[in-house]
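Chain naming follows the written order as A, B, C, D and E, and within any one chain the residues start at number 1.
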Amino acid sequence: MFDFTPAELTAIALSLKVATVAALASLPLGIATGWLLARKRFFGKALVDALVHLPLVLPPVVVGYVLLVALGNNGVIGSLLMQHFGIGFAFRWTGAALASAVMGFPLMVRTIRLSIEATDRRLEQAAATLGATPWRVFRSVTLPLAWPGIVAGAVLAFAKALGEFGATITFVSAIPGETQTISSAIYGLLQVPGGDAGIWRLALVAVGISLLALLASEWLVRRQRGETH
Amino acid sequence: ADAPLTVFAAASLKESMDEAALVFRRETGQQVRVSYAGSSALARQIERGAPADVFVSADVDWMDVLQSQGLIDAHTRSALLGNTLVLVAPKHSAAHAITLDQSADLLPLLGERGRIALALVDSVPAGRYAKAAFDSLGMWDDLRSRTAEAENVRAALLLVARGETPLGVVYGSDARAEPRVKVLGTFPEPAHPPIVYPVAKVKSSTHPQAAVFVRWLRTPQAMRIFRERGFSVR
Amino acid sequence: MLALDIVLERGARNGGGFRRHVSIRDDARVIALAGRSGAGKTSVLHAIAGLLTPCEGRIEVDGRCLFDSVAGIDVPVHARHVGYMFQDARLFPHLDVRGNLGYGRRGQGAATFGFDDVVALLGIGALLERRTTHLSGGEAQRVALGRALLSQPRILLLDEPLTNLDQARREELIPYLQRVRDETALPIVYVSHSADEVERLTRAVHTLD
Amino acid sequence: MFDFTPAELTAIALSLKVATVAALASLPLGIATGWLLARKRFFGKALVDALVHLPLVLPPVVVGYVLLVALGNNGVIGSLLMQHFGIGFAFRWTGAALASAVMGFPLMVRTIRLSIEATDRRLEQAAATLGATPWRVFRSVTLPLAWPGIVAGAVLAFAKALGEFGATITFVSAIPGETQTISSAIYGLLQVPGGDAGIWRLALVAVGISLLALLASEWLVRRQRGETH
Amino acid sequence: MLALDIVLERGARNGGGFRRHVSIRDDARVIALAGRSGAGKTSVLHAIAGLLTPCEGRIEVDGRCLFDSVAGIDVPVHARHVGYMFQDARLFPHLDVRGNLGYGRRGQGAATFGFDDVVALLGIGALLERRTTHLSGGEAQRVALGRALLSQPRILLLDEPLTNLDQARREELIPYLQRVRDETALPIVYVSHSADEVERLTRAVHTLD
């Protein structure tokens, strides 16, 4: 049952790479946004919040379409990025990672925001009296206290990236070895009669990977809770 | 009959089927509601007892699957529409019309890094036709590594329309509806399996108008709607 | 050493909030704050630490101005160099006792308080590797006091520092605080309900109310 | 611009119904699962966790396919439900709600679990000493303390239900008036060159609805925090 | 009134945990627990309340067996009818003061403690609509005491109930507790570091250690 074709193996490896990069690369922005929404009041906050939720609310293909229009080689932003920085997403695995990151972003921000809101501000005050600058307070108190939410947010984004397909295929197509992830491979198999065996095999791989990610995240949370540093 | 007639139709038929449903209602008073999705999804749903009265597929294979399971009325089945397969480029591309035969070389048109947009070549019908055509014209080995495979043929069309890829292969009906692309050439019919959209009444349907609608789709009046959108009538 | 003349306000929004004018000017090294529960003692310490912004007024410690509503001065909390032992210990739950004690250690300069001395004095040597959520009430209080001392502050703010401690421990700590008072030039603001405790540390008692 | 066709209006109304029912109906199970994962240790917990995340990890169309196989009229469970309880999901709006609920479930459970984990157990102990049975403790202490996470979880599920499309269209098709939601309507329009105006119009509606849901959720959280009861 | 013979253990897993054998058998209405910080006083109250399960032993209050490791008895916390005032107040942050006071009101039967009496005695009448996160240290402590009393318990567990209160308030509360002792049959277990306080309530002082 687990004789994978080389194409499938390529898709699996690519999915791993894309999901890992999507989850980790969006984490700093996710933390910053979660913190902003948790702690600051500013004009247009509701709008920022809605913007963050956008990829959840729209059908994935629409999100992919928007990315294509904005960040394709001929897109408004995409052409600028290409010209000035030589950064291109179109038809590259980086584009797949970007699409997955965008789709997972609302999940990540929500959980991070929630844990930052739940941290005890009085501990941050105590840190400040002990001479910690706001930045050190954030790093040494807020972040560790919000750690379970940060890990959960990253795991959600990672899992979402594994399952993401609509935005990815619309934005960067499915190019074997470059942008064809497990999900787009499964989608392809769904289109032909009799592809079922392949579908379940690949689905099982995706589930296995996410199980490992979940176990790793539990461990990360428990380690910080149990141990000290 | 009061109950609306439920038609499951391949997503690529949306515009014409919407209009056909409208006209049919005007003529007969029978309301028609159409559920559009990929042919594969619709076929699987019919396998699972979906309340569809009529199925219009973009894919002969899936209709065959249903027929072999006795889920459609075989005697109502017919090849409703045909289509052509065309090579398109962005409207403002410098590429010229070419003849698609054994001697044609598309690589220069792709340039250094350009890709050719197709529907998924192993699964979505339009992609499978395109792959078959390139294969029989001896171009597939060159192009294999230069494809950008989209979820469906309209998504491939979009890539060309936005100039993301210098070339694409889509149906003639698609090319005609998209002003931002131009047709460089039409693939010769023999190069790929015939493009057929079969229609049939679903076996389990008890709607009295189901067979009527299937028959009506073949009337000249209905055919005009499809022809206007670039489908060929078979 | 402490000159303070401020108007404090808490939860005024919903009406019937707390509002008090507090004025203290005293050269004593140790200044005791007294007053019934809810009188505003903790609020004054918060204001000195910078955690509560007075509506108006001025706070000066050892000639250093920390706050002045007229001059627009408001030194940020982390730059005030206070060693604040909170009424609720506020230990960091993600750090062990050692991590808590070390958190505020301000780098350079000769340390007024030595780590080993403080740990020994407070009798928390056996707790160093402990998680702070697993401490008894008095243990947590001692760690909080240690953390405030070890941040090498320029002023000590102690909010009921000895309440949860047994008599024996108290009898060790009071002489230690006396020594701190006499050997360092460190100003101390001391909140306590125990007249006896206060008496042994200072005569400068300010009663709010 | 906002002249909606009757079909579009139907889709909007249906989306509202489907998303609301999906979010609210799955809430009790979401809370129970979140609590279980936050508070209990049991054999196979990692597996339950992975199961909850499943809909996130698999491409939505696969989830829809699984639902179709299991709960379709001829499905293993579907036929049982139909026979014994007269409950049917197949090709009904209830099926669209079920598919959306399943897709939103991981998001809901994650946030609820996180807030339950963050509640102070010592307050629950205090409640118990005051005579509260475990069930009352849960209702009167755990739930209110986890409230922000519960609201956030419901909003995530609601937003996801608005954007959900792959699982829904695969499970219950896109039958106008019955299962064609905003998202599947948008998918239909994507098939039409020049359908862009319609796409953006519907997308804007979805975004508007989610903005309202977000504002309502903020209000729900703030009301509980600020007021008392 | 209290018969207790238990072995307590905390955090033994990571080695070097706390383990103590405690044995108390006393007919006094008020039993005071003394002992240095970390001796296990709070742990004993936890065991009586059912929040900490002893490794072995037996706990009996007024002839009612709450725990017996041999007989396999372990009355659930909510059925023990203890009025526990915690060392850390543990007020419900999502309820106002009134909500906290009312939380434990056990329905039927003649109330030993009247709402208005307790509120007046503790001087928390003005705080009733207040959020508990906005209370001063002593205010929170008084609300916690009130909440424990108003749950109409069959035994009162008071962990340093008067530490954060000023002398005047203390002088009101001690006589009140004396009255509770004399007028109700309620057993009270009282943890305090203040020898003076204890002396005025009971002669039955048990020192752990």
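By definition in this document, contacts are C-beta pairs under 8 Å (C-beta built on N, C-alpha and C of every residue); 3 or more make two chains touch, one makes a residue touch a chain.
All figures in this text were calculated on a predicted structure; none of them were measured in a lab.
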Considering only chains that satisfy the touch condition with subunit C, which of them also satisfy it with subunit D? A, E
Farthest from subunit D in C-alpha centre terms, which chain would that be? C
Per the definition of touch at the top, where is the C-beta contact count highest among chain pairs? A-D
Centroid from C-alpha atoms only, then distance subunit D to subunit E, rounded to Å. What do you get? 45
Quick one: report the Å distance separating subunit B from subunit D, using the average Cα coordinate of each chain. 34
In angstrom, rounded to a whole number, how far apart do the mean CA points of subunit C and subunit E lie? 29
Once you find the CA centre of subunit B and the CA centre of subunit C, what distance in Å lies between them? 78
Please set out, as single numbers or ranges, the residues of subunit D touching at least two other chains. 61, 65, 184, 187, 190
Which residues belonging to subunit E are in contact with no fewer than two other chains? 88
Which positions in subunit B are in touch with at least two other chains? 41, 155
Run through the chains and report each pair that touches. A-B, A-C, A-D, B-D, C-E, D-E
Looking at the complex, which residues from subunit A come into contact with subunit C? 122-123, 125-134, 136-137, 140-141, 144-145, 147, 224-225, 228-229
For the subunit C and subunit A complex, residues of the former touching the latter: 49-51, 76-84, 86, 88, 90, 92-96, 99, 103-104, 106, 129, 131, 147, 151
Contacts from subunit A onto subunit B in the complex sit at residues 61, 65, 68-69, 72-75, 90-91, 166, 169-170, 172-175, 180, 187-193, 195
Residues of subunit D defined as touching subunit A within the complex: 46-47, 49-50, 53-62, 65, 106-107, 110-111, 114-115, 117-118, 148-149, 152, 156, 159-160, 162-166, 183-184, 186-187, 190, 199, 203, 206-207, 209-211, 214-215, 218
Subunit B - residues contacting subunit A, complex: 38, 40-41, 43, 61-62, 65, 115, 117, 120, 122-124, 147-151, 155, 158-159, 162-164
